[in-house]
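Shown below is the structure under consideration.
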Amino acid sequence: MSDQQSIRQLKEGDAVLGFLLAQEAAYKISAKGSEYLELKLADASGDLKAFLWDVRAIEGDMEAIRADAFLWVKGSVTSYNGRLQLKLDKVRFAADAEVGDFSRFFPVSARPVPEMLEELDGLLASVKDPWIGRLLSDLFVADAELRAAFAQAPAAKSMHHVCLGGLLEHTLSVAGMAEHACGHYGNLNRDLVLAGVLLHDVGKTAELSYQRSFGYTDAGNLLGHIAMEAEWISRAAGRIPGFPEELRLQILHIVLSHHGRLEFGSPVLPKTPEALLVHYLDDLDGKLEVMFRAQRDETGGGAWSPFSRALERMIYRRRWSAVGDVEN
Amino acid sequence: MSDQQSIRQLKEGDAVLGFLLAQEAAYKISAKGSEYLELKLADASGDLKAFLWDVRAIEGDMEAIRADAFLWVKGSVTSYNGRLQLKLDKVRFAADAEVGDFSRFFPVSARPVPEMLEELDGLLASVKDPWIGRLLSDLFVADAELRAAFAQAPAAKSMHHVCLGGLLEHTLSVAGMAEHACGHYGNLNRDLVLAGVLLHDVGKTAELSYQRSFGYTDAGNLLGHIAMEAEWISRAAGRIPGFPEELRLQILHIVLSHHGRLEFGSPVLPKTPEALLVHYLDDLDGKLEVMFRAQRDETGGGAWSPFSRALERMIYRRRWSAVGDVEN
Amino acid sequence: MSDQQSIRQLKEGDAVLGFLLAQEAAYKISAKGSEYLELKLADASGDLKAFLWDVRAIEGDMEAIRADAFLWVKGSVTSYNGRLQLKLDKVRFAADAEVGDFSRFFPVSARPVPEMLEELDGLLASVKDPWIGRLLSDLFVADAELRAAFAQAPAAKSMHHVCLGGLLEHTLSVAGMAEHACGHYGNLNRDLVLAGVLLHDVGKTAELSYQRSFGYTDAGNLLGHIAMEAEWISRAAGRIPGFPEELRLQILHIVLSHHGRLEFGSPVLPKTPEALLVHYLDDLDGKLEVMFRAQRDETGGGAWSPFSRALERMIYRRRWSAVGDVEN
Amino acid sequence: MSDQQSIRQLKEGDAVLGFLLAQEAAYKISAKGSEYLELKLADASGDLKAFLWDVRAIEGDMEAIRADAFLWVKGSVTSYNGRLQLKLDKVRFAADAEVGDFSRFFPVSARPVPEMLEELDGLLASVKDPWIGRLLSDLFVADAELRAAFAQAPAAKSMHHVCLGGLLEHTLSVAGMAEHACGHYGNLNRDLVLAGVLLHDVGKTAELSYQRSFGYTDAGNLLGHIAMEAEWISRAAGRIPGFPEELRLQILHIVLSHHGRLEFGSPVLPKTPEALLVHYLDDLDGKLEVMFRAQRDETGGGAWSPFSRALERMIYRRRWSAVGDVEN
Amino acid sequence: MSDQQSIRQLKEGDAVLGFLLAQEAAYKISAKGSEYLELKLADASGDLKAFLWDVRAIEGDMEAIRADAFLWVKGSVTSYNGRLQLKLDKVRFAADAEVGDFSRFFPVSARPVPEMLEELDGLLASVKDPWIGRLLSDLFVADAELRAAFAQAPAAKSMHHVCLGGLLEHTLSVAGMAEHACGHYGNLNRDLVLAGVLLHDVGKTAELSYQRSFGYTDAGNLLGHIAMEAEWISRAAGRIPGFPEELRLQILHIVLSHHGRLEFGSPVLPKTPEALLVHYLDDLDGKLEVMFRAQRDETGGGAWSPFSRALERMIYRRRWSAVGDVEN
Amino acid sequence: MSDQQSIRQLKEGDAVLGFLLAQEAAYKISAKGSEYLELKLADASGDLKAFLWDVRAIEGDMEAIRADAFLWVKGSVTSYNGRLQLKLDKVRFAADAEVGDFSRFFPVSARPVPEMLEELDGLLASVKDPWIGRLLSDLFVADAELRAAFAQAPAAKSMHHVCLGGLLEHTLSVAGMAEHACGHYGNLNRDLVLAGVLLHDVGKTAELSYQRSFGYTDAGNLLGHIAMEAEWISRAAGRIPGFPEELRLQILHIVLSHHGRLEFGSPVLPKTPEALLVHYLDDLDGKLEVMFRAQRDETGGGAWSPFSRALERMIYRRRWSAVGDVEN
């Protein structure tokens, strides 16, 4: 079913056959008293409301039809009040295995994951400080589960880099800028900065859920990614015999303070140059990504993007490029 | 030297002989080019400037004369510009051992520490939840070092309960109110609340320094007590086989959120009734202590206390007690 | 008509006959130029849109059909766009007298009013300070109208304890906690605290309207409950010969400052321990009620409540109860 | 003693004989163990430290020598560390009666009080609304005590119009602008505006103490002037049979909301045009007075005033006046 | 077509023939795959959705049918879901010239523009300071384009005086109050105040677009009206030989600071009495206009206006006028 | 007089002969009625109080002895209350010309000005966009006065880069980081960014006074550097025939928004990626400089700097450098 149409391309009357992700699923009672199934089905290109009016047409376990499940569906595109929807004839639960490549169902980073992992490994290899090198290696190489999650998680639920691989993409971009900054400002400890950058959002792999839809985990809501990653770092450092306490404090300080202000969820303010730098470059990278995306997106047309809730302003899309020549 | 005069009692001309705590110490050069020693010497009753004009009168290592050291001094009280100061004839460093009972040098809790520890143990014994009981016991009984620090630390550097034993006094007071609240509101998990109360400030044992003067440790400034105690709790829970993850999250949540608002240093808001309760009772207890102290203190006289920086207001000291009788 | 179906139980096709409360009522002109009546009808279980397409079917005075009136209606349940509504055949205004027990139409406190009034009287009887006792008695016993309103009013329009009797329920709950606090902290004047608690929201009886729907009165919007109750207290005190001015100031201070911060509508900050305590216990009680309600409510399912506008966060619903046993 | 020198005119060596106001007074113990009296003595032109080294030279009751008392003193001007001070030979308490005209001791309004009272009476006479006229007359004419206080009180402890008569001066200035505004904007009820203006700060007569020094009374600190005047207005309205409730609400609303924002101590926001106007004109008048004063004052010289804490900025003193002529 | 019905008067079934303003215009694809035109058509009385189902019925250039264009339309009023809409039979672009008087399409100031311009000229003629007079004359008289725009622009996109001529109406109203204030407060430079008032919002002529609908221009969004008018003033002053730098600074200061606070977009705080006055009177005038409008408007009925987003509160509509007489 | 001792090196009894800068100067009257001169004299290493007790010893015009003047002085170092001061025998005004190299009197940038100007010229030469190139060249090359001021001004009065040449040093540092960022993020217009960086603080050359002491000019206080440089840019662009309006808007937007938030004095928020970048890099560079300086400075000793008012926190001075090796 590699040639399944993407949702954005569907037109009224089209037949639909294949796998879709159920973002929402609810059994409801119609005014006439009969039970029906209402779904929101999605792939990476968009989503549609879908209805199965006769629940007896469900194959297999009805309970398996729930939010965040993949479904195999058969039906056709209809129009209601000017909006397209799916009228389903058959629905059944689909195991992950038969669905194949997940990337069809989620927004993904523009950069291929293997390429990004290679860049990550290059950064790890460049670390000269033995303690920092060991700590990062324990977390990003030896811990295969964390490495896999780090390569897959988005950077946020909304705001910026909201796509699979987004966390890694954002982290590497900040790391790139940090490399430049360490060259530019002579007084920074480059390896310490790099540790701060690579670790500053690593807790998002557990704060966010992103297997099927992007949201917060219970632990994410209760603790937040900063507290999570602080714990992971301390635990990892604790397993390295002789790990210097001073270094543990400085790395934790960068991570704890990287939101820059208490009201943004950092329990302490940045008090070292390295912590200050990581905060600024992280914040800048996220906000620039929102701006670049707003400039590429053409929703609504015109020189101004729709109001961005992430930045609380509209973005000016018109880009200046030199024209003509100065008269003399 | 049990009959050494307290600093508050000294008058001009008195001889001074005995141990005092150096809160500040600096070697300076006089306008005439000779080196002298300027000190701020304290006991629990107050402090005085002190000068040793001839540094050759120092016995032993000059470098040992530094802030937060105990000193043995000999000298007399003089007056300069209407203020008393000490003119020293001899000074030497004094080891802790010879100084004896530290409580002469620091403000101490009004409640005896042994009595408070007994109350703490009673609370620990009352816990019915096996996991919570084990966790608290591991931290407050089995870890003798933490137990000792918990009995000695102040609750804050300034603000409230600024005395040795103040942390324990404050914690027990909050626990007492929490017991009442759990009886009053039926829907609270009492053992969970108790865990939150006992652990909410335990990181202050490491955030604050209080052996000689009250201040912040480096780690305290870089991480804050909330991040510290969160780590300790996770580590302790990690050492208890089978410790329920759900419980770990709920306890950590109380601790992380107990400042109540992000701008006060909590990375998450209280999202459970237990967390909300601990936040309110903690805040209330600290602020009430400030008010009671302001009412007892009679500085400046009158119905109003001096401006309290902790509460950003003056406190009304006049207490209402019923007088006379209603006419009918 | 005691067996009238509650609105939540209605299904398409059901006949409806009986009394309902009009929360909204408007005469409108259809696109075809004919006049019809559009209503929002409610009982304690919920509400429904209702339409009378032929206004000639109204019995009696058309003008009496307005918001906050009880109506006698006859009609049937229909469905439009998947939502139930009422198609009415007959409507007439209904006097309060024929409607009978109002509690069928409004959310009511879980605690019976007589039981709560008894608890209130017990508190009044426990006051030892003769002036405070007389003041409270004049307001809550001698003033029958205020007593009745105090027993009926909700504690708020939204936020917390939004039900008939809610103000009394909330007040008694705060009083219960205050009793514990006065026992716990030795330095509080218990009768003064009690006066503050019982009076802190009494102005809500006039700030809110709650005979038919919950809203603000004109006076409530223009003055707020704090200014209202301050006036009532001063007037009541003024009628007691010899009432001590110092006591009047201290009670008024508690009431005026009980929102705790200027930006929350208190013109002064709490400057006595009694005022501080009343503020904290009031705030805590209201917020805990919101949390308990959010935990009981199962809207949307899952571990998290919908976003609470009162608390500006989601509430975690999962409650911890001990399981298993610690391995040794 | 009408020709007593003002403090600002004193030079070293001058003899001093006459009445001065003690702003501060304290008995202290010198380093040599003898008791002496330290005073801060003031008249309207300034203040000086003063010392009586031999307390046996006090005539009459030593206890009567306290802050805010008038004293009769005899001594001479000396200089210490470049500052003038008084060395006293004799001191005794002086009753108000013998002191004569108080205005020698306090800053006073630039406008004579009788002239201002006449203007006030003219405004009262211009009121057409019978209820408003009666209310204002009851408060500002019939209540002789309030009228006297209203003519004497300052408008604030610091900030603006800090002088005897300042409250009346400020009130009349706002009233003058309000008259203009009512003429300019057609939709305002002029008598209602006038009532709001005249009453908006009347509680300051009891919030502030100003017999000897400017400060807050206990009641002022506990209730604030807004709550006080609201009570007075309600009480006065309650004594006028048939006083319209709607009018009482609208006047109280202006008074309660006149600080314009909750965080500035108003429990409600201005919700009528009259309330909005009174807020703006009150605020403007106070701030302009600060600016005009800063421009007249030449402290420090230069184009900029010292930092004004009332306005949180420096004021530009240079005033533009047209020069030269435009070339054509 | 002078007798064209206004949109507010249309009823179902009415024929429509004439010019309307397209506030929105979009070509869309129906579910059946055919292209149609969806419009929002407006005149000064209101707006309606309109549909042309067969785009072949468009006369002339389809591309000319766009937002902010005038259109000639022919069609009839239909009803859909209880709302009126237009079903169009023919549509074509209409040049401004054939449309005639624009005031039929936009809300306009209640005051006639010629009358307002006359008042403006009177103010200009009254200026005594030669430099200020010349500057204002260069901008408001000599610059015909600016004068025309100043007479046509609204004062804001939303908030207050949102109508053609609104900027001039608001400016003159502030100027009127400013005249009173300069008479009332003796220390103000009247001509400087007047310059500040007339210039304080003149940049809105370029910040806002108001030829067809009210919005922000690109430059308005990028620079804001304050920066724009500051530039214009500097440029105009620069063209007057010998224009005093001190005066330029003082005028610019008023303009730059007139929003009163940094967070409202003024880069500096008002530091002169003239700047403070202009800020307060400007703010007051705008807010009063919102209140008066809310009182006149009867939307929703009752004593309270709907929630005003401009003022973040509801407005009390009931106006007090004296009734009855005081009993004696 | 190239071998004049610096102020920091002076000891009691030293003779002083040479030029010093008068930061403060005042003629005062001693308690004995004679006139004396009190000065604060400074060079780059520090400052001292100085007194000339006999004003007849002044050579030349007494009026020329004023703040911010260079003085030639002769006297000796004395000690008063433990502080050194100068007792002067002779004083006269000194013209700039005879003083020679100013850098002896002010803190100066660590980078030589010629080197920095060369770097600036290199950046200018690298601009490809003809309009931007011309604009920058007109301002930084053709306008010799501005170029000279740009090379001399500090970057701030306090906060960061407070030294002669500091503005240029800061600007070049931001430019360096901006070059890296433009390489890193592909979507930025490098020449536009560079223009924004070079121009973002150029108004400080006129906002600050720095010939003698660092402060604000009148224009600086009244307008702020943002409004000043916006005007200069517009004027310069206006003189280049055909300068594109779109480019002018985009450059002005960067400059106007570069403080990032309205409450920090930017009248608009950054709405383009280029504006966002300039804001972040400017802010980061200033704050890093403060941190690096705090780490280099050893005032007070210890791991923590004194409280930095610029950053509202203490800075951690201990720098991590790898030690030892990881055990395997």
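Structure notes:
Per-chain residue numbering starts at 1, and chain names A, B, C, D, E and F are given in the order in which the chains are listed.
In the analysis below, contacts are C-beta pairs under 8 Å (C-beta built on N, C-alpha and C of every residue); 3 or more make two chains touch, one makes a residue touch a chain.
Remember, predicted model here, so these are calculated numbers, not experimental data.
Where touching is counted per the definition, the chains common to chain A and chain E are C, F. In terms of the stated touch criterion, the partners common to chain C and chain E are A, D, listed by label.
A straight line joining the Cα centres of chain B and chain D is 44 Å long. Between the CA-based centres of chain C and chain F the separation comes to 62 Å, rounded to the whole angstrom. In chain E, the residues that touch at least two other chains are 218, 221-222, 250, 253, 271, 314, 316, 318. By the definition of touch given earlier, these chain pairs are in contact: A-B, A-C, A-E, A-F, B-C, B-D, B-F, C-D, C-E, D-E, D-F, E-F. Against chain B, the residues of chain C that register as touching in their complex are 128-134, 173, 176-177, 180-181, 183-185, 187, 189, 191-192, 240-242, 244, 246-247, 250, 253, 269, 271-273, 276-277, 280, 283-284, 287-288, 291-292, 295, 312-316, 318-327. Taken in their complex, chain F has these residues touching chain E: 218-219, 221-224, 226-227, 230-231, 234-235, 238, 249-250, 252-253, 256, 262-268, 271. Those residues of chain E lying in contact with chain C across their complex are 11-12, 79, 82, 84, 303-304, 314, 316, 318. Within the complex formed with chain C, the chain A residues making contact are 30-33, 218, 221-222.
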